[in-house]
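For reference, the structures are reproduced in the following blocks.
Look for subunit A in each of the two complexes below; its partner is subunit B in the first and subunit C in the second.
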Partner chain A sequence: MPFLTQPEVDDEQYVLTCSLDNARNLSNILKAIHFKDHASCFATNNGLKVTVENAKCLQANAFIQAGIFQEFNIREESVVFRINLTVLLDCLTIFGASAGPGTPTALKMCYQGYGHPLVLFLEEGGVVTVCKIHTQEPEETLDFDFCSTNVLNKIILQSEGLREAFAELDMTSDFLQIIMSPDKPYFRLSTFGNAGSAHLDYPKDSDLIEAFHCTQTQTNRYKISLLKPSTKALALSCKVSIRTDNRGFLSLQYMIRNEDGQICFVEYYCCPDEEVSEADV
Partner chain B sequence: MGEGVKCVITGTNIKALGRAVHSLSRIGDELYFEPLEDGLCLRSVNSSRSAYASFTLAPLFFHSYEATGGTCHCKIHMKTVISVFRSLPSLEKTVEKCLISLNAEKSRLVIQLLCKYGITKTHNLSYQDCESLQAVYNPDTCPNMLRAPARLLSDAVMHFPQTLAEITIMASPCGKVTLRNYVEEDIDSTKTMLTELSLSRDEFLVYQLKKQSDITFCLREFRGLLSFAESTSLPVSIHFNTAGLHCLTCCPVLWESTLHTLPDLETGQGVGPAVFSVDDTVLEVHFVLATLSDTDRASQSESQYNRPPLHSSEDDFLGDDIDYMIAMETTVTHSPPPSSPTFCGHSCINPFQEAQDPLSDDEPDAGVPGTPPNKKFRSLFFGSILANSGHSNQEILAEDSDREEE
Partner chain C sequence: MRFRSKIVDVSCLNHFTRVINTISKLTKTCTLRLTVNNLYFILTDKVANGGVSMWCELSQGNFFDEYQMEGVCMEQNEIFLELIPENLSRALKTAQNAKSVKVKLTNKHCPCLTVALELPSLSSSSRIVTHDIPVSVIPRRLWNDFKEPSVPEFDVSIYLPALKTMKSVVERMKNLSNYIVIEANRNGEINLKIETDLVSVSTHFKDLGNPPWVSDDASQNSTQEIDNMAEARIDIRKLLQFLAGQQVNPTKAICNIVHKRMVHFILLHEDVSLQYFIPALA
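== the complex of A and B ==
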């Protein structure tokens, strides 16, 4: 059976077809949101958005814009399906996950529509693997209604500055407290664990901070177990934008540069844990 | 309470402090933090109290060092301290200054790391007030001493598997030092792999040996010391007694690994703990590891037999189990001094000499392989130590307990 020619021949039957010269450009960014088994995929003319949620409090989105793909064809206005992300990642890295020397794995991904599997053709050095992954009933995703006009505080900093902080988070603390303020301490991350508290202070004029727009002092707490997975995105990213809105909702946007130098974004939204009373601070 | 400490560490010494904490973390679950007038003491002891380590950082080690008020002793969970100094490479790369202060009012030990880009990490660690931790040992009275570059020892130890529990060092006066993995008696030696490695005396900086001596001690703790010593490029001194000698009171403690020594003491075949030390003008490191006398198989099995009770009585170390430990001291800070035979100064040496006299009466001279009963042994240690601690509490607290350490 001529696997390779099959997709070309049957392209008309697919509502979504896309191809990538380097499958890692997709797998790496999906790893940044891989903290649950299942993900929802949305494809539009702009590209592909993959969403993972946890506990109705956290949402992570990976955006792979159409320009990243060598070919991106969509026959409907939008295509939605749910898929096992663990399986998808296993398939994408079936020839090995690390960036070794030699040729990268090429990918062609096709979806015929509701009720059909997602079909992956992976090719490396003349060896072709065809993977068919069952798709599932799409589920409604959370709408955090995070609107940039409601953003009170925003800090953009180089990821390097947060990496160690997140890697060493005291996991015996229930929450991570984030203070963002136009005045001292400007930007502070705190944990309160079994062994005492730890504070991390960033001055606003630090070389790590590229933009500092804080209008109002806000102290919010976020479940540390929810935020911990964002470390994966942090590790891949070069810059991160931290924003909080008037409700205390947190948005973390990670700018990730792929192996071809193209930019993708991963975004985490998180609900605040609870109202922090003055006495607690 | 009024006690307090404030110190600032800069440059490469931050990493040295980090390494010290990493070494100590190989010993016990708790870090004893003791700021004294003439230096900061960091100590740890393992749960079976067969291994003890102490780092004394002189005021010169610090950019500034200020210990005020009375003595204070506190212990902190090793895990929390290690989390502050977890990544040694990043300590070196990013941390520019380290501030340590004790906030007695809030019962917090504050460790502040000032990092690159103006980032400040502040750790407020909870601690427990505790008694001072002192091991009783005196390397100076050990007849045998080997000193070698840390590199030599770590290169030698490297060839042994990471899982190996104990290692035997056999040193002969003719100038050969052999390292061998220790195989327990009940294991068929024909079915296990033996690793043996010999070093010549030329490679040692000091080679002081009276007669053929074998000591067996824990490797894990020893590796901890070596990694510290290697980073400072300082030589490691190993003080130990010769198996079969009866000089119980002067067990030199270098790095000791097992409890097996004490049964030996009973039979008069004691080797005493081995003391491993690294000295510099700004820091002094002692590891005291219990040793197992390989020359006396009987005592070995006895000690194995004795092991379980040791573990079960971790905290009860003022009880009879003290007999099996390195003579370890806790000095109660506020205890009044008991009748103090050794009121004069040098805590470590004097107690030992004090203790040695009665022993030497019936032992080295007579050459009898029977030692005084353990209880006597213990009380001797305790008496002298308590005397000292009392002395330090009432008169010049900090100074004296520091000497004890030395």
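== the complex of A and C ==
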């Protein structure tokens, strides 16, 4: 119990305190949304949500439920702050990022409230690190208004089925075109690059597909540069749910199993690229 | 002036390679001093390299099966060469399964340290690979520049924690800051600290132990004094270079701190000793 010897830890003064026996259960999932320096953090009784956005078109959310933490105490209804995610990740992995054979890094994270730094106590093998990361004014995050009742098409598949496809995306293509349909070709990923176009079809009854609920044929294009960061989440996940709503908005939900076998979710929302019709030009 | 030597034993060769690799990670150029009993790799503190200096001492008998040297004259039976350790490290890269390695001083177009590797082959005749590494011979009048640095009058001497852990911590801290404060006391504690506009991080190591230097005032320390921290603020890249570059797996690693002046590291591995000095910044 090395933390108890730290005189600075007095839980009374903090609006948020949480602890983890294995800091990688937090750092790994945050890496899945680390494509910008800054992130917004929201804590409620349910747990911690960390949000990163890009270009008002892409939003990534990582959810770490309260149950993942060994201790999760929140003294207000909700706690919100903005933080430099790059710095937070460097601090969380101060004793090394890879899963070594030794003991895991224990973490205690505390926040006193608006204007105060986020304080991390990390301990591994008797060595203690204290980090104080300045927090910033919280910013409004985008509301994609992605409502499950508006979802037209939904496919759940095993991540390995998508990993290879995403790893080999033709980056010279500006778009990834996704076709989801109750009829052939069911589920098609296409790119249109310098060296020609590529189409990848998944049969509806493929072993990789766990659920297939498509009600209407939809063809949407998404900027590859926006989707590329989601491959970090894809790499860690075991299953992915791909959904599109009536506006063509894309939701990618990744189910990630951590080192202790618990399930966490990372979610990416992406706007479709607006169709420029002949009439508009 | 003559120098020729030969390594046959594989473990000696590997050990020698690791030492050379370490040195090549720490400095671009260095001075090689050859004496009858020892080899020294020396980097003196020049402002150009940030005031860092290094002193690495090997006993020739522990590495070489044959070792003959003749210095400039009987009174000063030594040779001083300047070389790029990276070149030597590269020459030894192919030597891992060599039957023997010869290192000698030759004069081809210019003075060279010639490394001749005898590699095994399927036929009866073995293959010889020769590397000529250009060196410059340092004249006698400059030898005084390469005197062994004295162990500074340190305020605290302490054993370092596991270098792997320390390296990992310093690596992360380097992402966050250009400078690091290293502080230690006579009670076996080291703290590594950085502080920037964004974040402050401090890592605390304890129960490290302090080496028993024979010192006149050590016995009179009051208990209050042993908790006093001596500190130095240094260039974090220099520290990381040292931690990441070392491949000697030291049996003992010691850090001496001269308060606000310099940090002095000593790595000991059997017969090899490597000293590294990093000056403190204001």
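In the analysis below, the second predicted complex is superposed on the first by the 266 of 281 C-alpha atoms of A that agree within 3 Å, B and C clash if a C-alpha of one lies under 4 Å from a C-alpha of the other, contacts with A are read in each partner's own complex, and residues count from 1 in each chain.
Just so it is clear, a contact is a pair of C-beta atoms (placed from the backbone, for glycine too) under 8 Å apart; a residue touches a chain by one contact, two chains touch by 3 or more.
Predicted, not measured: the structure shown is a model, and the values here were computed from it.
> Is A:138 touching anything from subunit B or subunit C once the two structures are fitted on A? First, second, both or neither.
Neither partner.
> Which partner does A:87 reach: the first (subunit B), the second (subunit C), both, or neither?
Second partner only, subunit C.
> Can A:202 be said to touch subunit B (first), subunit C (second), both, or neither?
In the superposition, A:202 contacts subunit B only.
> Per the contact definition in the header, classify A:182: touching subunit B only (first), subunit C only (second), both, or neither.
neither
> Contact-wise, after the overlay, does A:113 reach subunit B, subunit C, both or neither (first, second, both, neither)?
neither
> Figure out whether A:126 sits in contact with subunit B (first) or subunit C (second), or with both, or with neither.
second
> Is A:104 in contact with subunit B, with subunit C, with both, or with neither (first, second, both, neither)?
Neither subunit B nor subunit C is touched by A:104.
> Which residues would you name on subunit A as touching subunit B in one complex and subunit C in the other?
none
> Which of the residues in subunit C end up touching subunit A in this complex?
Within the complex, subunit C contacts subunit A at residues 161, 165, 168-169, 172-173, 175-176, 197-207.
> In their complex, what parts of subunit A are in touch with subunit C?
84, 86-87, 90-91, 93-96, 117, 124-134
> Once bound in the complex, which stretches of subunit B touch subunit A?
Within the complex, subunit B touches subunit A at residues 76-77, 79-80, 83, 86-87, 90, 94, 108-109, 117-126.
> Residues of subunit A touching subunit B in their complex?
161, 164, 168, 170, 194-203, 205-208
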